[in-house]
Every structure is written in structure tokens, then in C-alpha cells.
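Labels run A, B, C, D and E following the written order; every chain starts at residue 1.
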Amino acid sequence: MDGKPLLEAAGLVKSFGETRVLRGVDLAVPAGTVSVLIGPSGSGKTTVLRCLNALERPEAGLVRIGDVSVDFAALPQQGRRAALRAETRLRAQSGMVFQAHHLFPHRSALENLLEGPVVVQGRPREEARAEALVLLERVGLKGREDSLPSQLSGGQQQRVGIARALAIRPQVVLFDEPTSALDPELVGEVLAVMRDLAEGGTTMVVVTHEIRFAQQVADQVLFLDGGVVVERGPAAQVIADPREERTRRFLRRLLDPL
Amino acid sequence: MDWELLRTSAWPLLQGLVLGTIPLTALSFVLGLAIAVVVALMRLSPVKLVSGLGRVYVSAIRGTPLLVQLFIVFYALPSLGVTIDPWPSAIIAFSLNVGGYAAEVVRSAVLSVPRGQWEAAATVGMGYGTTLRRVVMPQAARLAVPPLSNTLISLVKDTSLASTVLVTEMFRVAQQIAAPTYQFFTLYGLAAVYYWVVCVVLSAVQDRLEGRLNRYVTA
Amino acid sequence: DGIVGGSSSAAPSGSASGTGGVLRVASEGTYSPFTYHDQKDGGKLTGYDVDVITAVGQKMGMQVEFTDVTWDAIFAGLEAGRYDVIANQVTVNPERQALYDFSTPYTTSTGAIITRADDTSITSLQSLAGKTTAQSSTSNWAQVASGAGAEVEAVEGFTQAVTLLKQGRVDATVNDDLAALDYLKTTGDTSVKIAAKTDDTSEQAFALGKGSELTPKVDEALAELEADGTLAQISQKYFGEDVSR
Amino acid sequence: MDWELLRTSAWPLLQGLVLGTIPLTALSFVLGLAIAVVVALMRLSPVKLVSGLGRVYVSAIRGTPLLVQLFIVFYALPSLGVTIDPWPSAIIAFSLNVGGYAAEVVRSAVLSVPRGQWEAAATVGMGYGTTLRRVVMPQAARLAVPPLSNTLISLVKDTSLASTVLVTEMFRVAQQIAAPTYQFFTLYGLAAVYYWVVCVVLSAVQDRLEGRLNRYVTA
Amino acid sequence: MDGKPLLEAAGLVKSFGETRVLRGVDLAVPAGTVSVLIGPSGSGKTTVLRCLNALERPEAGLVRIGDVSVDFAALPQQGRRAALRAETRLRAQSGMVFQAHHLFPHRSALENLLEGPVVVQGRPREEARAEALVLLERVGLKGREDSLPSQLSGGQQQRVGIARALAIRPQVVLFDEPTSALDPELVGEVLAVMRDLAEGGTTMVVVTHEIRFAQQVADQVLFLDGGVVVERGPAAQVIADPREERTRRFLRRLLDPL
């Protein structure tokens, strides 16, 4: 490592229509670390992840992953094709895990993993297949490679989603509330897979409400509210002893809903 | 009912079916579907000009009788110096027609595929075309099959209009046999039976396809 | 007869043919000059066949009521008892005689071979051999042309045949000389001509249901009309000559 | 192009449209939709006999040409002692026809409404009929509108076949005017323009309806 | 109260195809009390609720709510119409709140509440409307009566669902994981409404994974596993000090997913 963080975002500003959803978000994620984003509904967590992945185009701000960087403010001047190319290139640096998995329903677990490497990246099918099988085993789905998504439980689907994000060999994996659509019982298996990945050195940015996961796995926790990062720091500090009143109130409500 | 006439007509009508109706239908439907996909995507385009063109196309095709479309391709284009042979004329007119109707079906089916699928495809690196081909269309197909099968089955019978541009298909054969004796009723009945058999086969294909495409639907 | 709801046979009363003094007649209404709607006269149904059957009805002391029917349905309607008689230049032939009653013929016509005006290669029916003609498949002229060795393209009607002829897609069309003359007269089209007439003549008559009790009465009326010159008079009005014999 | 002819034909064709084509289309479509709903529900029935009957109906209707269906109602039924007047015959044949095609569309749209909606309706006490009417059909409508609008717009032009059963609508008027003048092309073109106007209006209605029905769809 | 519980179920047996999902479930819910059903995924919790509501027809067993009772084993002999009538009558005694709300998407919040009372029960529209407005206020949705479901947040939708279940004036309200599809932050508002109902004396049967809710609100907790009630008793006992090893294992996994 050369001291520079693997992923860096600076000054992200994004509006939908009249409403400004991100008001200058900065983020630095060193290689091999886990950053957890927490914050109330509508605070912009999903939007941040989507900007990192260029699924959303911010009005201003810079995102760099490894040595690919995009200056979003400058994009519009580059022309449609060049802008698209830049975004696609950035997108290839990260994998994304959605809350509602969004697996391709008409393809088996294995085929879901192969779309990226084989169809898009054009890697040899046999090689990609071997790697995909390893990934499925890693998320605990050995033997289920031919199942369709509809034949898998929610937790299994989400784990296929994680494997699919890894299959494109991203530098960073982005998770958007990967467990919040799951039955409580199935949450554990997904979090376990994520912890294993983190321990294996995968760089991750995770939006989640699983505070215990953040405490145990995160190197850094960021609290987002109203489109700005209100507080950031080690998990132990932000969660156990938040400096800001807003953070404290949010955590209290989360831990004791009633 | 004139049984002797039925017996002697069975074979010529079958010829008309196999050499006229069926290839005409098959070719026009395949080409028409391709047109439909293009037009549907045009109508879904954010570029106003492109979606406007798509809209005009659909409106022109659905808005005028197939017979007139056939007339234009075959009888009016020559006055502009473009003379097209009967078979190509028929196929052009039928595919353009199918394209207009099927475009609406395809558009509505594409719209029914959740946005999440487009985004998931983007995150694994797919562009617009690849996403359509490998992710969206296979899912849109499920909803599109029953109405498209209506379009196809209508087409089978609409090919009888091909006789206006000198293509002889089954219905024309039936008319020709009926003419000297005025037994239109008998011959049309026989043609109806043939059409019906084709439709039963196509419906069976539709059912299997629907079953296949429903397989991966959750709940 | 109004334009809309062109059927005036509002009382299809089954097979009680001709009772109540009404003679129910079917014709295409789109076959000029035999049966067509005259736009200059408010779309009224008129034509040679229409006039003849009207005169027949008068002689029979019956009121004539017309219905517009498409050609391929016209005989189904006769069989279903929707009307009593077809007045639409029905050509008499043995196959048809086996199925329907025919009156005595009221038109005799010959075939005309129509070609492009500048075409000199076709001078007789025989010279059609190897040529392509466009024929309405529902008419017997298709058989005449193919009998002469021509290849026949089937079309919907005379106009379409002439269009194909002018576009050079076919070499000729064979049709009733009366229809051909009417076309040339009406349109003033000089790009086509009548190149020759065929030798064989054909006879057109009214068609009625098999065993209809009206057939002899129609024949009777026709005979009277011929005798008193009415038939010839109607013919003169439309064709400038007597085509009724 | 014969402008004088066009000018004098405009009014009779409009009459044919307003007094023939439009009422024929409207009545047949409304009745056809009712038939379609019944047949679609039959096809969805768990009772094999009922769903089998629905299937036979759809197959018979889609499998045979509309022209033959018109023939049967008008020309063949009298031999069984049932004689129906031209207008009722046309409306019967067209509604039965629309019923067969639209049934498939309705069926597929009803299937697309999630089972949860049926169950929620049951828990507030609704029976089968009420659930269909108040819960399922309004939601199925959204998916059904584009293909049903195809069916409707086809029907507008298919009514030209009504002349076979002695009903005079716009296309027949056009033929009648064309015959003595031999100007088929001009008159068919005029008819096409009228059809096109009707189609544009119907498409606009379709768009508004789609917009309205999309309003309450979540993401 | 005459000492008899308001809702009683006895010997519920239900199979799907070959698999027996309920193997004799008994249940007694006194009027004005809250019973919470917990248990692993697939243990049959949803199926129990659906049998109480006659959405599912068990092969055997009896359900009674108030003075309406149905002997499911005897139903098939009564003929289709009589059976349907009996089920509809039973169904009218309870309201149901689904996990995925299943609001009618084409009707406003208020209209969703009126379908039952006005369309089905034929009560005067004005009276039903007044009552529905009170209900909407009670679940904290005053002023949102004309919103379509798609214009409401997940928590608000779920609260409309609760109000809809109440609108038919049921004797018992059945809840199937009413908060598990919600954002963690929105869970609180729904649980609060449910607690208020309980305190107001509504009889409720609740399937949930919200252990704290059970502790605070439930009069009775039942632990279901493999289609039988393994353990039942006061919340304090079943949750804090379960007798059965299976219950203990389940609760441990739930409280600490990682």
C-alpha cells in the first residue's frame, strides 16, 4: 500500500429535482478495511453507495477507486459517450450487493455469477466457472449452483448476491442493507459470510442497521444525516460513545424501538 | 355439404397452407418481432425525437387497415419507381404491420421488468444492449407471450389478404376452387378447419412457453 | 335505398319465397355498370341488372327489394333464404346449374382481351399462351385465360387487374367486353386497349334457389319484357347496343 | 388523385363511420370484453370441465377466421332454424371474436395480480365476485390496456367484414363509391385516413388510461 | 367474560402435499389479551394464523372465535357452499395484518378501510367513514386519509393495514410479522400502535421476531417448532427462562445473529 486509501470520495453533491439529498459527502476507505454507514431513513446512505458505483450521477464530487477516478462535475462537458465510458470503468472497480438482492430470476445461481466475468469481461468460461464455484462454496452454497433464485431461501439468495458481486473481481464491495429484507433467523448466515470476507481482507463499504455487526467488524463507522457525514470514527467510539446528539438519538431509537 | 368436393380440395388447400400461409406467417412474424423490439425501444427512449418517431410508426400501422398497407407497398410504390415482387411485398407489409402491434406489447412487457434488474445488470458491467438481451427480454417474455400469441394467430389468418398482392395462399386456393361452383361456404369451412389445426398447435406452443417462463417466477 | 344500412331486406322471413308480393334481390352493388351505387343520385342502387330485375318485378306484380352482398357470400345468402334471386351477371355453367335454378339468360357477352395500348404481341386468345394475365379468381374468365395457356394471377377485381397491367406486372386481362367498355368509357384511360375479343360467348342469368316456384314466373316476365322491347331499351341505356340476346 | 371525388365522398364515408363502423365497434367491444372476462375466469377455474370449456372456446375463436365466424352466424344458423338480422348477427360474431382474443389478455393480466391481494380481500370479507370487481380487475387493467387496445384498434378495421352479413359500414361505402368510378385507390386512401383518425383518438385514450392506471404502482 | 377464552383452536392439523406442516396445534386466547407466536422459519407460524382466519383449510381441528366455531374435519361433508359460508363467517370474526401489508394499491388509505364495512358489510357509508377516520387517527395517520399506499412510507402502509384490519370490527386481530419487512427505524412506530391497541383491550395474536415487544406486551408467548407448540407460558418465563432446549437455542440465535 502506498498510504493512499483504496477508495476515496470527495464533495459528493446530489439532488433529485429540487431536493438536495447529498450535500458534500467525503469518504476514505483504506484497502482491506470495512467502513459501515449508518443513519436514518432518507439520510442518503443508499445514494452515497450508488454514487460510488456510478449508478447515480452526482452534480459535483470526485470518486476514485484504485487508479480509476471520475470527476463528476466535469463529466457533462465530455460528451455522452465519454461520460458513459468513464462511469462504466469506475463501475467495474466495485461490486454491489442490494437489499432486495436483484438476482437474475431466470438464471441459476452459477449463471448469475458468470454473467459478469464471461458475458461482459469475456473471460474464458471454464476458468470463470471454476472461480465461481469457489465463490459459491465460500458463501456456503456448495451444491446449490444449479438452483434458480426462486428455489433458494432469502438468506441463500442474498449470499448468491454477494458471490455475484465478488465474481467480477472488484476492488471494493458495496453492501446496501444486505440483511434488512431477511427473516431474522437468516440474518446470521449472511452476516457471517460478510465477516469472513472482511477477515479475508476484502475492502467493503456497508450500509446496515446491524449495530452488533458494525461493532464487531467495522474499522470505521460513519453516521450520515440529512446528506452530510455528521460523525465518523472507530466503531467503538461512534457507537458506544457518540459525540453528536443526533447520533446518540438515532442509536437509541434503533436499539430500543418501543 | 359436398363431400366429394371436400375430398378433392383437401390436398390443394394443404399445399396452399404449407407453401403459402405458413412460410408467409413465419417469416413475417419473425421480422415483425424484430421491428417491434426496435420500435418499442424507440418509444421508451428518453430522446423526444426518437420516442416521437416510434409513436408515429405505431399510430400509422395500427391506424390503417392491413389491406391498405398491402396496397401501398404493392400498388402505390411502383408509381414512385419502386417495384417489389409479390412475395417480398407481402412479407414487408405483414412484418411492418406485426411490428406496429407487437411493439405495444413489447413496450408494456419491458416496462414490467423491475428497475432493479437493470441496475443489477449495470453493476456486473453490462451495457444497454447486453442488459436487454440477457436480462430484460427473457423476463419481459413471460408477460408478452399471451398477447403476442394473439398477434401471431391473427397473422395466420390475415395472410389471406396476401392474395391482393398476388401471393397465393390457402384462402385464395379455397376461393379459386369455390368460384366455379359457388361453394364458398364448404371451402371456407375446410379452410377454417386447417386454420384451426394451426392455431391449436400454436396454442400448445404458447402454453408450453408460458409454463417454461413461469418456472422462475417467485410467488 | 340509403347509403348506410344498405340492406333494405329487413324482414328475412325464411323460405316463404315471394309471399306478400316482395321479390328479394341480392346484388354486389360494386359491379359497374351492372349493379352499382350512383353517387350523382344520392348513392341510389342502379345498373343494368338492377333495372332488368326491377322491370321483371313489375311484370310479376311484386315489389322489388334490394340487398348489397359481397360476392363470396352471395350464394350462401341465397341458400340461407335471405333473398330470392341474385341479379349480378351470374354466368350460367353446368356446375352451377346443378346447385341453383337459372332464369333464361338476359345478357350475352363475349370476352375481351385487354392489353397495354402499346402492346402488339397479343391479337387473339391463342396468343395469350405463355403470357401472364390477371383475373378475378371468382369469375369464369380465369378459366378461359388458363384454358388458352396463360398463367393466371388472381386479383380481387377489374381495377386491380388493370393496375397490374399498367405497371407491367401482367400482360393482359380477360373480362366481359361490357365491363371493359364501361371501364374505358368511365375512366378515359388510354394506356390500355381492347386488343381482341374471344370467340366464345357466355350467358348471364338470374340465379334462384333450387326448385324455386319463382323461376317460371321470372322466365315469363323476361319473355314479356323481351317481347315488348323493354329489355332492349334498358340495354341501350347502359351500353348503346342490345346485349340481351 | 381526384380531389372532387374526395370532396364528395367525405360526407358519405363519415356517415358510414359514425352510423356503421363506430357503433358496431363500440357495442361489439363492450360485449366482447364481458365475454372475455367470463372466459378468462373459466380458463382460470380449478374445475377441469370449466377450464376445458374455456380453452375450447378460445381455440375455436382464435383458430378460425372472423369471416367464417360471420358466415356461420348469418348464413349457417338459418338452416338450424335460427335466423338473425344483419346488425345483431354482426355484433354477435364480432363480440364472440373479441371475447376469444381478449380472454387471453385478461387471463394473463389477472394472473399478474399478486395472490396477497386476493387474500387481503378475503380477510375484509369479500367473496370471489367482489374481489374480482373491486380489487383484482382494477389492478389487472394496467397490464391489459396496451394489448386490449391492440384488439380494439384491430376491431375498428375488422368491422369492414360486416358487409358480408349485409351491414353497410364505412369501408363498404368506400367500395360502393369506388365501383362506378374505378377509383379504388383514392377511396381506400380516404377510408384509411378516417380509420387513422379513430385510431389516434383511441391511442390517446389508451395513453391517458395507462397513465392513470400507473399512478398507484409502487416503484 | 364467562371464563371461556375468546379464541380457541384445538388439534389443528394441516399438510401441504406430502409434508405435514401443523401436527396438532392448540391455542387459547382470552379476551383482551395478547398472545405472541415465535418460532423458527418454516415452523408453521403463518400457517396457524391462516387457519385461524380460514385462509387455509386444515384437515382436522376446530377453531372458535366468540360463538362462531368451525369444525374443519367436518367441513368437506357439508358441501361446497355450506363450507364456504362457514369459513366466511369465521373469517369475519378476525382481522388480519400481513407482513407485506397487501393494501389495495388503487385505493386511498381511507378507501382501503371502507371496503370491508361499506362494500361487504353494507354499513352506511357516512358512519363507516367517520369510524375509519377515527381509526386512522388512532394509528397516527390523521391527514393522510387520501394518500395512495404508494405515497406512504413502509411504516405508514403497515399502520393503514392495521387500521384496515380493525375497520371490520373484528373480535381478534391477527398479525403476521407486521414489522419484519420494515426499515429498522420504522419498526418503532408500528410496534407503538400495536402496544396502544393491546393497552386498549384489543385481543391480538401476533407472530413476530421482536422479542422486546413480546416481553413488554404479551400476556402469553408460544414457541412453535416443527408444527407443534413446544412451549407456552407468560412472556417472562418463556423468553427469559425457557424450559426447552429448542426454545433456548432459537432465542440465542435470534438475539445474537453473529
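Going forward, a contact is a pair of C-beta atoms (placed from the backbone, for glycine too) under 8 Å apart; a residue touches a chain by one contact, two chains touch by 3 or more.
If you want to know which protein each chain is, UniProt gives these names: A, E = Amino acid ABC transporter ATP-binding protein; B, D = Amino acid ABC transporter permease.
The model shown is predicted, which means the values in this text are computed figures rather than measured ones.
Colleague: Farthest chain from subunit E, going by the mean of C-alpha atoms per chain?
Modeller: The chain farthest from subunit E, judged by C-alpha centres, is C.
Colleague: From the C-alpha centres, identify the chain that is farthest from subunit A.
Modeller: When every chain centre is compared against subunit A, the largest gap points to C.
Colleague: So how far apart, in whole Å, are subunit C and subunit D when each is placed at the average of its C-alpha atoms?
Modeller: 35
Colleague: Can you check how far apart subunit A and subunit C are, centre to centre, with Cα atoms defining each centre and the answer in Å?
Modeller: The separation of the two C-alpha centroids amounts to 81 Å.
Colleague: For subunit D and subunit E, what's the span in angstrom between their mean Cα positions?
Modeller: Whole-Å distance between the two chain centres: 45.
Colleague: By the touch rule stated above, which residues of subunit A touch at least two different other chains?
Modeller: Expected reply: no residues.
Colleague: Give me the residue numbers in subunit C that touch at least two other chains, ranges are fine.
Modeller: 72-73, 76, 79, 160, 163
Colleague: Return the residues of subunit D touching two or more other chains; collapse runs of consecutive numbers into ranges.
Modeller: 71, 75-76, 114, 185, 219, in rising order.
Colleague: If you go through all the chains, which pairs of them touch?
Modeller: Final set of chain pairs in contact is A-B, A-E, B-C, B-D, C-D, D-E.
Colleague: Any idea which subunit C residues touch subunit B in the complex?
Modeller: So the residues of subunit C in touch with subunit B come to 72-76, 79, 93, 95-96, 99-100, 134, 137-140, 142-143, 153-156, 160, 163-164, 167, 169.
Colleague: Per the contact definition, I'd like the list of subunit B residues that touch subunit D in the complex.
Modeller: Touch residues, subunit B against subunit D: 58-60, 62-68, 71, 75-76, 101, 104-105, 107-108, 112, 114-115, 143, 145-147, 149-151, 153-154, 157, 160, 171, 185, 188-189, 191-192, 195-200, 203, 219.
Colleague: Applying the document's contact rule, which stretches of subunit E touch subunit A when the two form their complex?
Modeller: 40-41, 153, 180-181, 183-188, 191-192, 195, 209-210, 212-213, 216, 253-254, 256-258
Colleague: Write out the stretch or stretches of subunit D touching subunit E in their complex.
Modeller: The contact residues of subunit D facing subunit E are 114, 116-117, 119-127, 130, 134-135, 138-139, 213, 215-219.
Colleague: For subunit B, which residues count as touching subunit C in their complex?
Modeller: That would be residues 75, 78, 83, 163-164, 166, 168, 172, 175-176, 178-185, 188 of subunit B.
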